[in-house]
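A quick write-up on the structure given underneath.
Lettered A, B, C, D and E in written order, each chain numbered from 1.
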Amino acid sequence: MIKRVSVLLLLLAVGAIFATLLAGYEADPELNLTARYYADRTAADIGAANIVTAIVVTYRGLDTLGEVTVLFLSAAILGLVLAQGRKREQARRERVPAGELLTTGTRILAPLIMLLGVHVFVNGHLTPGGGFQGGAIVASGVLLLLLADPVKHFAHGLIAAVESLAGIFYVAIGLLGLLLAGGFLDNRFLPTGELGALFSAGAIPLIYSLIGLKVGAEFSAILADLSDTEEL
Amino acid sequence: MDFDWMKVPYALLTLFIVFNFGLLQTALIQKIAARVGRRHGIPVWQNYIDLIKNYGQRSSITHGVMFYLGPVFRLSGGVGLLLFVPSLYGSEMFSNFSFAGDLILALYFVFFGTLGMALGAGESGHPHAAIGVSRGLAQVTAAELPFALAVFSVALQYQTLSVTEIVAAQQGGFLNWTVFTNPLAVTAAMLSFLGSMMRPPFDVVLAPQEIPIGPPTEYHSSYLALMQTNRAIFPVAKIVIYMNLFFGGATIWPEFFLKVFCIYLWSAFVGVVFPRFRVEQSIRWFLIWAVPIGVLSILIL
Amino acid sequence: MVNALFIIAAALAAAFLLGLLKEQWRGAAYAVTLVALGFMTWISADWAWAFAMNGAAPVDIFTAGTEPPFAINLRMGRPEAVLTLIVNLTGLLSALAMKDALLALGRRAMAVLLVATMAFCGIILTRDIFNLFVFFELAAISTAGLILLSDDDRALSAGFKYLIVSQVISVFLLIGIIFAYHATGTLNIDGMADAAQALLPGGMQAFALAFFLMFMALVAELKPFPANGWALDIYESAHPAYSAIFSAAAGTASLYAVDKLLLIGGAAWLPAATGIGIVTFVGANLLALPQTKDRRLLGYSSVAQIGLILAVLGQRDVLGDLTSFIALGLLVAHSVAKAGLYWLSGLIAGRELTAWAALRGHPLMVFAFATFLCLLVGLPPFPGFYAKWELARVLAAEGRLALLAAILFGALVEAGYLFRWFGHAIKRDKPAEEISCAPFSVAAVCIAVVAGWALGLLWGEMAGFLFGRSNLLLALPLLFALAFLLLDFLPAWLKNTLAIAGLAGFFALTWTEYDPLRLIFAIIFTLGGAIVLLASFSAHGRRIGFYPAAMLMYAGMVMLIRATDTFDFFAAWELLTVGSYFLILRGKHSEPHALSYLVFSLGGAFLILMGFALAAGSGVSPRLTFDIASLSQLAQPVAPWVFLLLAIGFMTKTAAIGLHIWLPGAHAEAETDVSPMVSGILLKAGLYGLFVLLMSMGKQQLYGVELTTLMLWIGALTALLGNLMAIFQEDAKRLLAYSSIGQMGYALFGLALMNHLGWLMALMFVINHYIYKSMLFLAVGGVAKRTGTRAMYQMGGLITLMPLSFIAVLIGIIAMSGVPPLSGFGGRWIFYNAILDTDQRLPMIILFFSGPIAFLYLFRLIHTIFLGQLKDEHRKLKEAPFWVVVPQMIYVVLLLAFAVVPGIALRRVDEYMNQFFPEGGLDWSGLLITSNYGYWNPVAIMIIVGCIFMTLFGWLLFVNRRAQKVKQFNIVFAAERPYRPETTHFAWNFFAPYRKALGFLVQPFATRFWDAVTGSLHAAADFTRRFYTGNGQTYAIQLVGFVVVVFLLARGI
Amino acid sequence: MKPELMKRMVKGPDGLEFEVEPLRDYYCEAAPTVMPGAYIKIVEDLFNWARSESIWILGFGTGCGAIEMRPLMTPRFDAYRYGVQWRPTPRQANLFIISGYLSVKTLKRAIRSYEQMQSPKYVIGLGSCTINGGMYWDSYNTIKRLDDYLPVDLYIAGCMPRPEALLAGFEDLKKIIRAGKGEGANQYAANFDWYKANQKKVIHDWDMPDYNW
Amino acid sequence: MIAYLAMATGFLLILIGFYGALTNRNLLRMIVAFTIADSGVNLVIVAVGYMRGRTAPILDATVPAADAAARIIDPVPQALVLTAIVIGVGVTALMLAYAYRLYEKKRSLDIAKFMDLKW
């Protein structure tokens, strides 16, 4: 009880901080310096229609690389965590197969979902969405597969290979930017093309696709690993 | 005040006089103490006889080198103390070896004999001797303190550490004696004097029978004779310092004898009246009574 | 130079590449990891080299081909290069140290390690606030992953706690970032800083709040006390090699992040950083006190160190350009040491502090341990020392004394528990399990050691470059001492010869350079040291560790007298303290005593540092380094305070009463030939300090109290109580040790008299005490060596078996008690003459009392050991070893010579002192020495006493020529006979009546006081640390509470 | 023999084991020798005179006679005026007064004390018991004839002799000494074996060296 | 107004999440609570970038590049929130894995059961 009260009191104080922030907040009437730059220059410099994508992939590409790495890390560590635990109980793997409905549904839906995912990340520089979103959609397809046929040992090897290769290419493209264009992760060593076209915005589609693949693979890996914990 | 060879025979003369005087004086004091107890007491020459007898003992034993050195230290301490202080004021002849050092030398040389004796007693391996030493040292540290304070008070008073100069400052009438000009210091010193004379109430160090007679338990024959010689010389030597510091010194031998005897008598007087203190009692007694007086004597100056 | 981005790219590429390798190819994966880490290390090393050597300009690295603030940019400058080097090197070496764990867990773990290292580098390099957040998250997640490398399955819960906390942190950070972005319109740190300057007051308020959240989030990453329970759990349970990264690399990165952030916040936030830092430093150090687990202890220490550096960063407003010098100095020292210690802990099987005793028997590892501890505590010649020095100077100059005091207090506590630990390692029972000797881990530790010393050298050079100081590490005496580290494989006799030759040679080379006063100290320190070292020939084997420690102490002392400015002086002071600590620690049961010695000494040293700093701050000199002599130019009201601090510092070394409790144990428990060194020689360093102090500052008054009078009282009381306590000791060496306290009291008293003869007396005590105390300690040590005990009552009657030792003791005690004709009398004589000149009578009276008391314990010493009854088991004893006796005999000769012709040493000094006290000197005409009051002729005294003595002795020998030599039981025993020598030897509680009468004076008040101090510190720490409940949720609550409290405090202010 | 006096193995601090034999290691084993007087007769006469005028008695009362010795120190008898005084330690005493019956147990102590006195030394047997056992003539544990065990210079008969008799005895002893006949110590040394044999005959638990220095 | 509302909701979510995380002793509940707080954070981020009457920052026919600065809302928070979300997901996954292992170890999800390390 004391704990609850003290937590409440503390949170009240935190709330007061937040309230002060809230009270002090005024929406900018105009875009600020940074945002204005992006709004004005993205089209010309980067050639991406989706400014957010331009920011995510290029201007703040290092963040995104980090982000991807976060997922990579999570997946790797998850593997580690669960691998350590699993050693002891290798044997028990008796499970009820999924229902007919699910299995059938999966067969129909999974390819479609995958396709949608690919579409989302390939068009990341043009429309809302992008590598992360697409990757997540791809992973949801994998989740479906997992649910439908949990007994089937999931192709960890394939996922890992995709993930690693995507990552390596991502870094390599970044370095290409450094070598051929203005800096690390500069997308402009490929032609920026015409605004709004699929093959435009330099390396952005390429990068976003790699991200999509990588994120998909990583999420899949995470899901696959987590699914192994189920029988606990 | 430089050395010349004539000082040696003169010093030996002083030694001779003081030795005889000391023997007689001790006997006399003993006789006086006996009279207080309504006894006749020993003959005045008894000390000579005892001395001769002890030197004439045929056999002796030894416990080791330090056992030898104990009495030697003891007597050297007594003789040295006597010779480092001028006996008669104004007399070149009886200024002894006082050119070698001042009052501080004398003050510290007192311990020479004590240390040697303690070492000799220790070498004998006799536990009672060690107990006696322990008691003696414990008591003497407390007893010497008021004396040191008084000495320092006097040194401050006369702004010198030279015995001769202190005596010189007291010349010209007995009212110039320190005992009148600095009575507190003298009081402290005289109380301390009681402690260093090994007489009641401060004689638990030599407690006969309990720890047979303390440090000299194992000493006999010529060792004992040496120590008896010292017992004649050392008190006189010590009293000479008192006399020089507090009672105007002496210019002629009769004055010397009289003053020394009177000072010695003081301890005898107290001794026959009071019972014996335990060691810690005497330490406390000195610290409570004598030391504050000494401190006062310094602070008041 | 390679683009710094390759650090990130290489790490990521390697990490992704690892995913392609087969799970089974672990060796290959490990190789890839190492290569990548090596490459990263090389890049940053390359940069660091370029900055250091060529003075290259910092380079901004743009990404995305766009200029900041529109794209993320990184920066590679001097600090970044150094910090990434630390991070990468730690990562690389840790990868070596955790080879087994990495191979066991496979490529994924290696990838995580790579990413972690990369993330820390990223935190350092990036100039974008959100990018910083990303890297922080990467670091957090990889930390959570690497915790799993541990064998300790408690690591799992630690990881979860960490994740909880990092969730809370990231919430605060994100909210802060977005609002800061909103307020400034940029995410670039430099841009934000610029924009923040230009904000309107209204915007400023909102921005301040946002900044506060960011700041708190980053500070929380620094594990501030008390919101740091999670970090401690990680430190304790993670794989040690990861803990090394977590401590060294993560700490480095987070600190630099906060540093960058402070750039935005500006001066207004500096006090907050300082406050949090100092609270963390002191708090964590205090809480470390009751720790018994090594890694957790190191965790507390890490937290504390980071706190200290944060506090330093917070002092940027006054430190200015020095900030980076100081902070970097502390940081590199901390990183190397902490990483090294964690790697070391990986080699050790047990987790208790006492389990480190396994190191014993591996000198190299012990050396590494010692190096790391010295690095951490900031002892010379390591970077922390230089940093501490500059820090103290500036803080004092700016009047930030409370902060300085807090820092020094914390450092003292830290030194306390660290060296207590070292004591455990050296002295406790060796555990059953040996240390593992995994070559890679050992290599990592060794590299850290080398790095530590190299940094010492580097910082010395830098200090030389910046402040024009000579490099400590290149000082000849220190080099000589350190050379013994390399020579430690040689047999002891050879090293001993070298050491003696070195000391004597150094004296021969330099003796013309000293004034008479210093010459005397120089003789004691070098030639005196050489004589004591003669006794060391009696040791067999190689005596590993002895010579480096001893020579370090001597080097310190030599440097002390050669020092002319405060820096050299202080450095020498600390060197000799450390050297003597290691030396004392060698004693069989000296562990607690060596520790209390070190704590007191360092406490004293810190007071000295404060004193110097205060002096420098008050305008004697713009630099803390100034000529010691210029202390005399200090004005009121600072001067008395400086005097007070310095005096207390020096008096700690001379063991003035109240500060003395370290001495008896330290001196008594030391080895036979060490006791005379630390007693006869080392104590003089304190006196030398006091000499220097009084020579330059003279009399000072504080609130109307004459400070030298205070010293007079302290000296007198020290003499009295030291002597009194000596009386009641049953342990011979303890007795001598207490007697040293008393003797130092005399010397202190003489100094404080502030007159010609007083100083001469002090100097006389310096010389005499050296001679007779060395002699007595050697003699008693020799006896103790033979009898196997130091309890005097267990000895007795050894005079016939050990006649030479007896002679030494006899001469020694006669000299010491001041009985003529030996040299102690000279001291007493000068003393009486000196006090005639002063008005201070009461303390003098106390001193009177202590004189005869010395007599008591001295007699006891000789009696109970050499006289009385010889024991059964001692009947076949031999004389003390030859080489222990040789120096004693030299001392006998010296004592006699000094007794007869004190003029050889004193005359020149007497003249020299005329420049301080023209009045009251002695007159040396022929053999006679005359003062204003009295006179003294040592030669005559010697001859007269000698003649009387020899005559009487001859006479007695003649009379007694037929005396029967009897044996020890031939004593009169009231008609009975003794039964056993033990029951016949009156020795135990020898001065029982004295105890009855005056025992109340020697109640261990001081010991009780200090026990109470340390006890209450411990108890408080033990109580306080209970809020680290181990519950992750509670930790999170504490973190939130911490943020709220700081918020309220900041609002309040 | 008491266990303390038996041989024992001792281990030194350096691990060396050796045997300690207390009677040999802790006590001097030398036998007493006859000590000649001064070479020059007149010196020896002077010494004898001094010895006679300075009689130091060992303060050791063995039997009921001890009570008769105390009054000698009082104002009534004041033995001090004759140069007689008591010493608490045998080392400094010249005269040993066996004051009454001497049990075997005390004899052992008496012998030890006597031997620890320095020569020349004298023994006075006080009372009948020291002459022939007196009323204890048939006691199982008192000695009958002191002369068999210690060289007696003078007997003072009576049961008990009064202090006056003691004073008279001192006068007689002085005459003996002055005449140079007080050579008990030398007699003891010369006939050491005989004395020892007698002593050991009655003292069955002899656990001391033959001569106690 | 809508921005304030969103922002206030976001803050409230954060507080609720914190409350849940700091008072629930069940590991899974704590994780869920943290995801709530994360959502709150994301909401706040997006809300900060919101500008009334403007459209999403995608250049197309309705939003020509030349006029973009006046038509679109601040794209930066949107980019940031993307990153924040992904990181949140990563951390959540990691926490779940940890929770699984912790449960495996002690067969309990009570956070108070994992106090082996303390003081």
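Just so it is clear, a contact is a pair of C-beta atoms (placed from the backbone, for glycine too) under 8 Å apart; a residue touches a chain by one contact, two chains touch by 3 or more.
Bear in mind the structure is a predicted one, so any value in this text is a computation, not a measurement.
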Partition of the remaining chains by touching, absent chain C: A, E | B, D
Chain hops separating chain C from chain B, counting only touching neighbours: 1
Comparison of A-E and B-D (more C-beta pairs in contact): A-E
Of all other chains, the one whose Cα centre sits farthest from chain A: D
Centre-most chain [mean C-alpha coordinates]: C
Distance from chain E to chain A - Cα centre to Cα centre, in angstrom: 15
Chain A and chain D, separation of their C-alpha mean positions in angstrom: 116
Separation of chain A from chain C, taking each centre as the mean of its C-alpha atoms, in whole Å: 54
Whole-Å gap between the CA centroids of chain C and chain E: 50
Chain C residues counted as touching two or more neighbouring chains: 130, 134, 137, 141, 144-145, 175, 179, 182, 187, 962, 964-966, 968-970, 972, 1037, 1040
Junction residues of chain D - those touching two or more other chains: 35, 89, 91, 213
Junction residues of chain B, two or more chains touched: 59-61, 212, 217-218, 221
Each pair of chains that touches, named by its two labels: A-C, A-E, B-C, B-D, C-D, C-E
Partner chain B, residues of chain D touching it in the complex: 35-38, 43, 46-47, 50-51, 53-54, 59, 74-75, 78, 80-81, 83, 85, 87-89, 91-92, 94, 118-120, 185, 213
Chain E residues touching chain C - in the complex, by the definition given at the top: 14, 18, 21-23, 25, 27, 30, 34, 37-38, 40-41, 44-45, 48, 76-77, 80, 83-84, 87, 90-91, 94-95, 98-99, 101-102, 105, 111-112, 114-119
Residues of chain D defined as touching chain C within the complex: 2, 4, 8, 10-14, 16, 18, 20, 22, 25-28, 30, 35, 60, 89-91, 109-110, 112-113, 116, 208, 212-213
Chain C residues touching chain A - in the complex, by the definition given at the top: 3, 5, 8-9, 12-13, 15-20, 61-66, 69-72, 105, 108-109, 111-112, 115, 119, 122, 126, 128, 130-131, 134-135, 137-138, 141-142, 144-145, 148, 175, 179, 182, 185-187, 202, 205-206, 209-210, 212-213, 1037, 1040-1041, 1043-1044, 1047-1048
Residue ranges of chain A touching chain C (in the complex, touch as defined): 3, 6-7, 10-11, 13-14, 17-18, 20-21, 24-25, 28, 32-35, 37-38, 41, 45, 58-63, 65-67, 69-70, 72-74, 76-77, 79-81, 84, 160-161, 163-168, 170-172, 174-175, 177-178, 181-188
